[in-house]
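The structure under discussion is supplied below as structure tokens; questions concerning it will follow.
Letters A, B, C and D name the chains as they come in the text, with residue numbers starting at 1 for each one.
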Amino acid sequence: MKKVLALTLSLLMVLTFCVGCGGGSDSGADGDTIKIGVFEPASGDNGAGGKQETLGIQYGNKVQPTVTIGDKEYNVELEIVDNESDNSKAVTAAQNLVSSGVSMVLGSYGSAVSIAAADTFHEAGVPAIGVTCTNPQVTADCDEYFRICFLDPFQGTVLANYAWESGMKKAYCLSKLGDDYSVGLVNYFKKAFTALGGEVVEEQFPDKNTDFTSYVANAKKKGCDVFYSPVSIEAAVNIIDQAKAQKIGMPILAGDTWDSNMVTAAAKGTDLDIVVTTFYQEGGNPEFDEGIKAWMEEDSDALTNNGGNTDLAAVTAMGYDAYMVALEALKAAGSADPADVLAALPSLEVKGLVCGDVTFNETGDANKTEAFVKKCNCEKGVWEFVKKQSAN
Amino acid sequence: MSLISSWLPYILAGIAIGGQYALIAIGYTMVYGILRLINFAHGDVFMWSGLIMVYLITVMPLWLSIICVIIFAIVLGTTIEKVAYRPLRTAPRMSIMISAIGVSYLLQNVALYITGGLTKTYPSISWLQKTVDIGPATTKMVTLITPILTIVLVVGLVMLINHTKIGMAMRAVSRDFETSSLMGIDINRVITVTFVIGCGLAAIGSVLFFSNYTGINPMSGAMPGLKAFVAAVFGGIGSVPGAVVGAFIIGICENIIKGAGWTTFSDAFTFVLLIVILMVKPTGLFGEKNIDKV
Amino acid sequence: MARVTLNKKTKLVLSFLGIALILLGSYLADEMIPASSNMRMFVTVLEKGAIYALVAVSMNLLNGFTGLFSLGQAGFMLIGAYTYAIFTIPAAKHADVYMYFDGGAIQWSIEEALSGSLGIVGHYLGMLIPIIGAGLLVALIAYLIGIPVLRLKSDYLAIATLGFAEILKAFFQWNTLGPITNGSNVLRKYATYDNSIFVVLIALISIAFIMLLINSTYGRAFKAIRDDEIAAEAMGVNLFKHKELAFVISSFFAGVGGALLAMFQGTIAATPFTTTMTYEILLIVVIGGIGSVTGSIIGAFLFTACSEWWLRGLDAGTWLGITSEWFRPGFRKVVFAVIIMLIVLFAAQGIMGTKEFSWEGLLSWFKNLPANLKAAPAKNKAKAQAKKEAKARDKAAKAQAKEDKANSAAKAASGEKLFEPLPVYDHVVVFKEGK
Amino acid sequence: MKPNRDIEVMRLSDITMQFGGVVAVDNLNLKVHKNEIVGLIGPNGAGKTTAFNCITGVYEPTNGSVTINGEVVIENYPQGKMKDTYKGRNQGKYTESKAMLPDKVTKLGVARTFQNIRLFKGMTVLENVMLAMHMNQKQSIFGAALHSPLARKEEAKMKEEALELLKKVDLYENRDDMSTSLPYGKQRHLEIARALATKPSILLLDEPAAGMNPQESDDLMKFIGRIRDEFDLSILMIEHHMQVIMGICDYIYVLNYGGQIADGTAEEIQNNPAVIEAYLGVDE
């Protein structure tokens, strides 16, 4: 027994030594490299979305691997960490990024983990740019958190407006227990929709649930006109399956998460009516589309992470934009020090991005006024642009 | 009529999921009957059967991949028994349970690694996923097939247990482990056969389950596994018909709870049922009462 | 083997020095190591490790010392975390946190009230009181759960406690309780500590309490129940009362651990408190050694350090300078799970077995180290020899068993009765009405 | 020391224990007087240990009552399903249902040992004995954990008494050994010492001489006689070694197939035809 103890202890020391010697710098710039942290889920409920968002960031890094600050050209290195879509793992994951000396952090997909990590970034004074985390709480109390996407109140209202304008009067709202993203979107949708005069039936499903039979049946039983379920891609696939099996007979409405090739793949060959709001429509920037597709064809890992085909998700485009914003911020700051970057961010104005220009308001949110409404062409299994919808 | 028609979809869904739980529950109840072990890894064997199917279907035809999935589950289950349970057979009960939890943790994490944490979509088996109308309800073919197939398999299994030599050996071992080993019964063989049956049925259950709920991720086996175990306890652990009845009851109740709007408590309800049965009739519906020997 | 012996006073002084050093170390570490430094993870691991150590020790009190296989730990931590968070969210932040529930039902914070009137003392008191309150509430709930559940035996107890944990989780996510629990949404902005020493100190005090308890007459009663329930009962130990005591105390500290975890994370939601969390704690106990407090502590720190820090490279592509295609996200957990299985199968005793840390043991170990190292080759040789012999014996025994089996089969075939059947009933659930 | 036949310390009245359809103990009537050593004998499966379990509260007897020091502490009558399936006698004689858990019975002064030695494996010899004194402690659990003055005083006293006891049973040298590392005979002694530590007035010994050679059982016999005197005890023992039983028992009860077939002094039993038949069988 003693031997095992001895072994463990010595292993412990060796490991500490190794890690300690791994070297780390305090400034963010280590010689010629600048580190940008990528705080995204690679597993868990939001793993699929997180990977697609990371793809955009990685592509950005491939297109623009360097940044010139002052007169010096620095290599940009991505420090990617998996937050496992889990609030309790998010804090240590974030701490990992901070400890490795990043200048700033991008992410995450899924608001809950961003909220959980906000304190860590705040304490370390490292700025973070949310890519597609739409819950208002992310930036509300954290001066370090910025974001380049629209917010849930906006998106929820947009969806409610769309539903009301399409003549729907009674909505079935499904969210996931403990998921800030879906709970938030349902909440804002409910507010806007009832204000317009609509009626809402609300239900929640527990973690790890894959059986959506009863939820679809409930929506049918209650005589709803629309099935609103702004949930994760994982759940979306199962919902589509059940909706198809039970002939749901009403349109399905969802938020930006559903804008994914996995959803179109699941819906292909059905007669469902799926409408989503999102940040970007493929074809909006042909040059970007072609570039990233070519990259994915080349890189088999990237292709797998995108779900096996080259259909673009809006979050990928957003990831790309976030990376470009990060580079601009570094340039504007004139240094790789997190504090300087933080100081430069509020007044930053970035143009020429894939999903539209970015400026930040006083809470650190992007000023966005319109969302894309897309509809699934279930015959071909692709998204089709419907219109741009605003909140008013 | 309207009452029936509005509840029919839930009852149908309940029967279907109940049948799928039943196929998993048999593995739990048989292993428990013989080894007095909650095989926590059983739910993960079930998940792995589903996962392997996703990969197999890309290289071979459907019928062959179903057979391969069943074989895979059997091999996996018996390997787990050989590697993780057999060496600990004389160890305290807690150790072997911890080993089971460890295996479950390992299986989930390997699945997480291989899938990259992404949900995989189960291949569509068109005749199982065909939509059918039953009165006012619309559902998948698999909903109808499941209970029938479950009952056929269970009747077969009960016949096997009651009328064959190996069945008799199983009954003997479950009644008295030590004596039967002294009587010349090859315990290891009986245990292997138990795992073969349990895992084979779980693999069939996985085909039915994932045809109905098509997303598979590393945690897909955890909840169905736990619920199936509860079903086994509910029906009286060690009793095959008990496990099946328990599974159907749990499946139907769960869906009715959801239909009644108590969706938050749909999982918790299963455990409420478990605790109630443990308090009221700890031996389950069909279990036998034994007495502690001092 | 030369053994070092120390007198009581020396040991006490050494222990105090050790504790003081740990506390000072954790204080300085948090103060000195800048956030962007590589070694900052040390502080994170220190905090999380201390919390997990406390929770693991509390689980060990049940599983290792009382022999009650309970899997309700995550559920109890959940209640602890929520209780702490709910009562320390500053009034001004309520509208923000309970945004879907109109600011929630509670509009005050213990911490705020106390630090308003008592200053810095109130600040700490305002955190301590909710932590203890969290523990007490969990203890009360555990007491109620214990009444029906503790009458069950081993695996039934495990599955029932696991079930209760799931029920509690669903309860805390229930929208109707939203004004208090914020439904299934995160609670945040509550008061938290500003130096690691706070967590380490509370964990230390709690663990010391459990350790002293184990070394008291009650601890003996717990161990007696673990070793043999029937004999313990025959020696006048009230089984139910003592099981309930162990369960309530263990849960109290699980609640305190939950509260500390809430402080560590900064946000809290019900979703992560799954059975997987309980399993992780159980595995920590196993790694450390079931029935050893020091083992659980070592296990907790090793577990957190490996999973959060040292093995992260296995996910990111490069670890200890080795780059491999295998190192993709999830590999860390696979390696981890394999290590755990190896421990379960081949080193069931864990790191410490049932031994505890002692200064004498440590000093003796260092003193004997050179001699042991010198003697190691010879010892290994002897071991190999012994193994060889054992193998041969095993083979012979197997052959004998085969022969016996053939004999008994022959006997059975000829209809001869082998022996009187001997019933084995150790697995049975027995219910007795305690009137 | 002579038994005092005027004081009755324990009485079993019509104790019947039925499991399902099997009557394990059938209408057992038995008395133990002060300072008396009573033997309970019978072939394997005669229901002796079951009778012990009925006395100590491990089982709830189906019918009958147990009186300890003049007070009825356990009483039961066939109820529920058992009402119809009851096969014993005296149905309707008892109307109360009074159960008692084993620890309560021990507190009343009835201590026991086990047929298959049940020591606490993870504890030392001393701890095994000290555990048996736990029930009389007045310290609270918090006092115990915080080592309050009361707790420290009690702990010291407990240790002192335990060591004293170990000296009396010749285990003082082994006090710090793990209980399971003791040789078999000493384990038996330890089990008796542990039972004595609960300060009983009645000691139930379940086959104390099992597995012992003649020399050892002779020593045990003397040992049992000695502890009866030293601790002022009454003893009820199950034993198969006739040499032991006949040598020290003041009174003997014989069971067969659950039923009571004879009782009397050693001499009476040795000459009882029913006993001889039960043990040796009869020639057809």
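The rule we apply is simple: contacts are C-beta pairs under 8 Å (C-beta built on N, C-alpha and C of every residue); 3 or more make two chains touch, one makes a residue touch a chain.
None of the values given here were measured: they were computed from a predicted structure.
> Let me spell it out: compute each chain's centre from its C-alpha atoms, then which one is farthest from subunit B's centre?
The most distant chain relative to subunit B turns out to be D.
> Report the most central chain, judged by the distance from each chain's C-alpha mean to the global C-alpha mean.
Looking at where each chain's C-alpha mean falls, the closest to the middle is C.
> Cα centroid separation between subunit B and subunit C, in whole Å?
The mean C-alpha positions of subunit B and subunit C differ by 30 Å.
> If you average the Cα atoms of subunit A and of subunit C to get two centres, how far apart are those centres in Å?
35
> Give, as an integer number of Å, the spacing between the C-alpha centres of subunit D and subunit C.
Computed from C-alpha means, the inter-chain centre distance equals 40 Å.
> Can you give the whole-Å distance between the Cα centres of subunit B and subunit D?
Using C-alpha averages as centres, the distance is 47 Å.
> Could you pull out the residues of subunit C that touch at least 2 other chains?
170, 173, 175, 230, 329-330
> Can you tell me which residues of subunit B touch two or more of the remaining chains?
Each of 112, 116-117, 222, 264, 267, 291-292, 294 in subunit B touches at least two other chains.
> Mark out which residues of subunit A touch at least two other chains, giving numbers and ranges.
Residues 42-43, 82, 177, 204, 206 of subunit A touch two or more partner chains.
> Would you mind writing out the residues of subunit C in touch with subunit D in their complex?
Residue positions touching the partner: 209, 212-213, 216-221, 223-224, 226-228, 230-239, 245, 249, 291, 354, 420, 432-435.
> Note which residues of subunit A are touching subunit C in the complex, please.
Within the complex, subunit A contacts subunit C at residues 1-2, 4-6, 8, 12, 15, 18-20, 22-28, 42-43, 80-82, 86-89, 91-92, 95-96, 98-101, 112, 115-116, 118-120, 123-126, 136-137, 140-141, 177-180, 183-184, 187, 204, 206-207, 338.
> What part of subunit B is in contact with subunit A in the complex they form?
Listed in rising order, the residues are 6, 9-10, 13, 17, 112, 116-119, 121, 129, 131, 137-140, 212-215, 217, 219-220, 222-223, 255, 258-259, 261, 263-264, 266-267.
> Which residues of subunit D touch subunit C once you look at their complex with the stated criterion?
44, 56, 58, 60, 97-99, 101-103, 106-107, 111-112, 114, 118-123, 127, 130-137, 139, 141, 144-147, 151, 154-155, 158, 194-195, 197-198
> Using the touch definition up top, name the residues of subunit B that touch subunit C in the complex.
36-38, 83-84, 87-88, 91, 93-95, 97-99, 101-106, 108-110, 112-114, 116-117, 176-179, 182-184, 222, 226, 229-230, 233, 264-265, 267-268, 270-272, 274-275, 278-279, 282-283, 289-294
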